[in-house]
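One chain, chain A, appears in both complexes that follow, with chain B as partner in the first and chain C in the second.
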Partner chain A sequence: MGLDRRGFVKIVMGGVAGTLFTPVIWQSLDDVSIWSQNWGWIPRLNKGEVKAKSALSKLCPAGCAVKVKTVGGLPFAAIGNTANPMSKGGVCPICTGGAQLMYSPARVKSPMKKVGEGKYEAIKWEEAEAMLVEKLTPLKGQDGKIAAISGDETGTANEVLSAMLAGLGSTGFYVMPGEMFTATKGVKLMGGNGQPGFDIEGSDLVLMIGADALDSWGTTVANQKAFAATRPTGGAATAQYIYAGPVLNNTASVCDKWVAVPPTAMATFALALANQLIAAGAVSSAADFGDYKALVAKYTPEAFEAATGLKADVLKDLVAKIKAAKAPLIVAGASFGQGAGALDFVAAASLNVLLGRVGQKGGMTLLGAAPKAIASAADRENAKDAGSFLASVATGKATPGALLIYEANPAFALPQAAEMAKAMGNIGFKVSFSTYMDETAALADLILPAPHPYERFDDAMNPYGVSKPTYLAGKPVVSKPVADCKDPVDVLLAAAAKLGLSLGFDTYADVIKAKATALGGDFDALAAGGIWNGEAKGGALTLGAGALAKAVPVKTDEKAVALAPVTRLAYGTASLATPPANLVTLRDTELVGKDLFVQMNGATAKKLGVAKGNKVKLTSGSGEIKARVHVSEGVAANTVAVLLGFGRSAWDEFTKGKGENVYKILTVSDEAGTGLKVWAGSTVTVAKV
Partner chain B sequence: MKAKEFNIKWGMVIDLDKCTGCGACMTACQVENNIAPMVDASNKLRTLSWMLVYELSNKKAAPDAEIAYLPRPCMQCGNPTCVPVCPVIATDKNEEGGIVSQIYPRCIGCRYCMAACPYHARYFNWEDPIFPKGMEKTLSPNTSVRPRGVVEKCNFCHTRLMKAKDKARQEGGNPEALADGAYMPACAEVCPTGAISFGDIKNPEHKVHELAKGENAYRLLEKLGLAPQVYYVSKREWVRKLGDNYAATGKAGAEKKHS
Partner chain C sequence: MKTQFSVAKFDQKLQERWGEVMEEKKQCKGCGGALPFVIGFVAAVIAGWVLFPDLIYSKKTQPIRFSHKVHQEQGMECSSCHTFRDDGSFAGLPNNESCMQCHADVIGTDPAEVAYVEKYAKTGKEVPWLIYQYQPDNVYFSHKAHESFECKSCHPDVGKTDTPPVYYENRLSGYSKQTMKMWQCERCHAENGVSNACHVCHK
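Showing the complex of A and B:
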């Protein structure tokens, strides 16, 4: 019996049908697809019990009260702490990716000493600590020979640093620029004392003049929570939010109104508003009201129009809204959190005095000096700025032999950054206490790795913006740091002891516990995610007329445009480059490849003769940067906006070499009347390349 | 076409008037779902952003310009266009509260689903997940790491749903009637302004039930009839209009009024 054609076809068809009915082929295909994705280099998940531990995450300037989720003891995520009133369950974008930052490729893994230009050698802690003592010993007792720069606004570490310097005979304790520094000086000009606070939560009309309060200013998360509480989804808003500033930023995006004020006209805007409020009947009992009234008379609606390019109707509308509000609040600040003068602060804050809002619910408050853990520490309100110090070093007026840099990155994040980095070269011995290999660590002679926030004790006293005295503290989440690091304060206390100076404590943990006790708080409750609050003061502030009278209006070159640096918390801070987990939030209108974008509105672009996508050069008195043009209508007239925080020369592959450092082109000038260094009104020329 | 309906409908209501565009939701999503950081995250053709915050503009010149931010997770459509096009049934809309699943080991990477999704909510892994040395120790235990060659997307942090159900069972509760807030995706959990509300849209005890019916609530591209389970709320008319490019004329193919 032969196999005919029909029989052959039947066998083949039967075979095919039979194959389809057996599960073998499908199971094999399924297995193949699983096996082909099951490679050894695909990371496996960690197993173990999932827990959530309270921590103080000081990755953002204000510090977030978080719950760190761990699996088998390893942190993997951070969420807000619902029990903490500063968080109420919210967390900022930086602290959200906090666990990943423990393993940042930029992390300093062990102590290192400089052995050549850009070359470092890992050393043991014993050697590093001995080197620190050895270098400080000959400088002991000579004022100005040992200096320290702190980039931490709120930690009690500042008390240790300043007390240590005082004990060694030096007064060279400096802080990095920030709102707290400027505002505290501003309050003094208004006859007051202490750090100003703003009760956003209690206000029904919040006018933010410059302050990017819902993204990068003050206690961002607490501000966002206060804002959100007045905006129930699907319900009626119970407070109005207005933003006046050069850029339609994250804060302005959710405000009821954005008033597009160029950065060079912030004080003019505030004083023109004061003029119109007085015209509408506002009267203050402040002693200098007469002088103030005479002063603001110059800031007419016409002057406002000339300075801002806006119509004066904007002011009328604002006056009507403020008069209709029960608890209006003016939040004063620089649009990028630094560089404004004390007089800019006074101009905006004086509106609170004019409206009788100081010490009131939903108004401006004053926070007195907090009890110190170390009596000989410097008072916060007498802080000196790091920029002026390094400028003196550059000119040879200051000649420190050693510089201790604590959690700060002055080589990158001071205005005229290139000059600041150069000035640091004049200092013989520089020690950087840093968690990450930042631009300053890269210039240091000795790098002492600091722990990540989940690996250390730390605290936050009165983060800037809080309306009443506030204290947070935290303890380590993990039992062992992932790098060979030591707490900088522990290192400093040990060094002080070897130099014959006792500050009364052996560890930072002890200092923080003493601070908590001095305040009347309980450290254990604080470390468990709690908070300590005191009572805010009112205080009889003046309108600051005497100081404001010395203010000189900003003169701009016809060819120049105002420069508005933009901060977005998600992209990092003055002491932290964009974290790896946040990179995805960058827009392709902000950075593409290595090109940073400069944003300007259509009218400004036309005036400058540039168009979308053009490569341009921004030049100021202190340097130049290159960028590409993005035309955005969210920028005020005659202003260009560029993101701060890019153009890193250290850090890691995720950030190094991307974009340009805008700090380089911020030009410092002396504020008339106060002598403070200011750079918020920097201008640049823009030219196609 | 009738949308698939189940007893439970997990959904989001996102209040665009509260979203500041801070990016915490995107970062929390990256962390929860073990998405490896990319060296060049500005290459948006390669990034994996299950949750993506778009910037919307009213297109008016300064100083009258307004912007709004729109967080876009997967819409978990009632009529998902991605499901019928999948040749290997690697994606399905099932009774897990109507969440559109994505089964990575089954995905063959053909990307039909990406072409079909009008919301661009699906992403293809062009590269293997490479974490900086040591960072794999921070992997979340909730989501397996996907290899190169598969498509992935938001699944409302589905593992959290399973864990919430397990917890309910352990505590003697009903896993099919979770309390409001018992199950919460990572983005909704961290949002500092509470712009993202989440719950069972069919359950009157969950606040999203009412919010989704609000007068200013809408869904993206409703005319396509995909019945998304993600709702948006905005009092700003120009924002709502951007939810559908055809809304201005009511005709598909009409001139694009917004971008």
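Showing the complex of A and C:
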């Protein structure tokens, strides 16, 4: 019997039919379907124990005491630490995305050296550290040849940096601009010493002159908690909050009252208010009260109206509210956290002296110098500003051979940013200690990746705004960083040792522990989410009349309008680009696609001859940016408001190339009487394009 | 010249072709009729039930020959190593930290223990145990919620074994043969009056 074609077909058909009665097809289909669950490119959950570990998240300038939730040892979320008396369970919009930022694609993955314009090569740490020592060695002992810029206002890393520079014979330690810098200078002009503090929690009337205290100024989370405590659910408010500033920002929008003061008239507003308070009977025992009274007499209601475009009734209303309050507090600051002069601070802070609120509960305080971990470190109140330094580099007055940049982004976040970035080109060797590939790292000759806050030891001494001496410290949450990074301070201490300089410590952890001990605190308790507090001082401050007398009223070009940069903490800081998760919170009146919006009120738009949606060019003496017009009555008269923090040329795909960098059109001028660099009163011309 | 059509010739041709067809039919009957179909059917059924289950799985052994028996003889229970964490989640297999509480150094004579200490405890590398009942990320299984059942209700009864059972890995899906399928979960839930709503297991 043979098998012909028909027979073969029959066998096959029988085989197929038989297969249907076996698991072959059905199980294979099932197996293929579940095979697709585990394709290699599908992200897997990290399984393991869920824990909440205390951490100090210094992604925001103040630093948030948070609990980092981990699974199997890896962070996946950050929540507030209810046990921390400062944040009381709150967390700022930057630090809340801390876990996501740890895995950011913008992180510097390993040490890198520049091998060409915009080209970098990954190198080993041994090579990177040897290169650092090699470049610093010939500059040792020459003042001004090694410089450092720090973008960390509160860390003891600054002590290490300044002490290291001092040990290498240089005094070139500089800090990025911030409120702390100008306010401390302002206190000196008022005859005091130390960092000013503001007891917002204890006050029943908080008048914020410029200071965006409920969003981007000072210890934001603590301020918000203090505000919330005065707004009991279903009950009457127990304190009034008033915001005087150029923009109806997040702070103004929740306050009881917003006073729309242009950024060029902040000091005028404060002194006109002083005028009216004195007229209403306010007196001060300060030695310079007579001079002050004579000085503010010039700031009449008419002068106020001319400078601000507001009605003088506003002042009367404020005076009545202040007089009725038991513990009024004036919080002084720049509306975008930097660039105001010391005299702007003095003008606002003098109201606290006038009202006798210095050293009182719910008033203004002074925080003395904290004990140092390293004796040879520079005093914080004598800090020098990075902007002036780079301006000197640009003109050739300063000729550093090496620049160490610690957690700072001067190429992006200094006024006249384009010029600052250009000035950096004059420096032969630039080292950026940075967690992220920012604009400054992109210009550096050597990039040394710094750990994310969850991967490092760090601390925060007296975050700006606290009313009493405050110290926070944290330790790593993870056992191993996700990038090949090293703590910058550890790297610096090792480099110093190789340069023959001993600062007494081998690691930053040891420095922080010494700092905690010097303060009388317990590092372990601090790292577990605790806090150290000292006693605040009052101090006999003057009204600063002598300094204020030198202030020259801002004169503006008739065609120009005041520029009010707007900060929103959620959209990033001077050293951190907008976290990807927060980009979705941008309104379509702030940024659409790549177009930034400039906001102005109807009257200003009419004056400038522009309308909603127009594309315009904002020009200052230092540059220009393009934006679209949005007409909003939430902007003061003769003022245009633009978001700060956009126009990134580095970072990641999420933030790069969106909007324009407003720092480019902030124009620096010298403050009369103090010589400080100021840019809060920048003006621009606006033209349709 | 035009050919004349002949009815007689056509009929003869038709008869011849009919004969050929009938002959072919006879030959087909000779080679089996429905038999090839049956043969194919039976062969496929046998292959599908007997050979396929062997072919679809590859056999693997655990990286270390772990003896549950020896550990039980020391008075240990399942929960001594397979613990619940403080938050109620199940730790699953113990990690090096747990094993090294006893086995940081070699304490016995078993070569498997020596292998563990040398390869894993001393290098800090976790043992890549093969998980017999691995569930994918889209399944949320709470051991706490199933605590009243005996471990062996779902897991292989390995308590008295000296050598871990062979791990049969499905060549297509990559899962172990013992991995519980959704229908098994659903059946048990139904039998015990527990909801079979999607969100119960798929969060």
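Annotations
One rule holds for everything that comes next: the second predicted complex is superposed on the first by the 644 of 689 C-alpha atoms of A that agree within 3 Å, B and C clash if a C-alpha of one lies under 4 Å from a C-alpha of the other, contacts with A are read in each partner's own complex, and residues count from 1 in each chain.
The definition used in the following text is that a contact is a pair of C-beta atoms (placed from the backbone, for glycine too) under 8 Å apart; a residue touches a chain by one contact, two chains touch by 3 or more.
Every value quoted in this text rests on a predicted model; they were computed, and no experiment measured them.
Look at A:2: by the touch rule set out above, it reaches chain C but stays clear of chain B. Once the two complexes are laid over each other on the shared chain, residue contacts for A:611 go to neither chain B nor chain C.
In the superposition on chain A, A:287 makes contact with neither chain B nor chain C.
In the superposition on chain A, A:11 makes contact with chain C only, while chain B stays out of contact range.
Of the two partner chains placed by the overlay, neither chain B nor chain C lies in contact with A:115.
Once the two complexes are overlaid on the shared chain, A:50 sits against chain B and chain C alike. Once the two complexes are laid over each other on the shared chain, residue contacts for A:24 go to chain C alone; chain B is not touched.
In the superposed pair of complexes, A:584 makes contact with chain B only, with no contact to chain C.
Here chain B and chain C are compared by how many residues of chain A each touches, and B touches more. Within the superposed three-chain model, A:34 lies in touch with chain B and with chain C [touch as defined at top]. According to the touch criterion, the shared surface of chain A, contacted by chain B in one complex and chain C in the other, consists of residues 30, 34, 37, 44-45, 47, 50. Interface residues of chain B, counted against chain A in their complex, comprise 13, 15, 17-24, 26-28, 30-32, 34-35, 37-44, 47-49, 53, 55, 57, 59-63, 65-69, 88, 104-108, 128-129, 131-141, 143-147, 149-150, 186, 189-195, 197, 210-211, 214, 216-217, 233. Residues 30, 33-34, 37, 39, 41-48, 50, 71, 74-77, 79-80, 89-93, 96-97, 99-100, 102-105, 214-215, 220-221, 224-225, 227-228, 231, 233-234, 248, 250-254, 258-260, 309-310, 482, 568-570, 580-589, 591-593, 601-603, 632-637, 652-654 of chain A touch chain B in their complex.
If you check the complex, the residues on chain C that touch chain A are 27-28, 30-32, 34-45, 47-49, 52-53, 56, 85-87, 89, 91-92, 136-138, 170, 172-175, 181. Taken in their complex, chain A has these residues touching chain C: 1-4, 6-8, 10-19, 21-24, 27-28, 30-32, 34-35, 37-38, 44-45, 47, 49-50.
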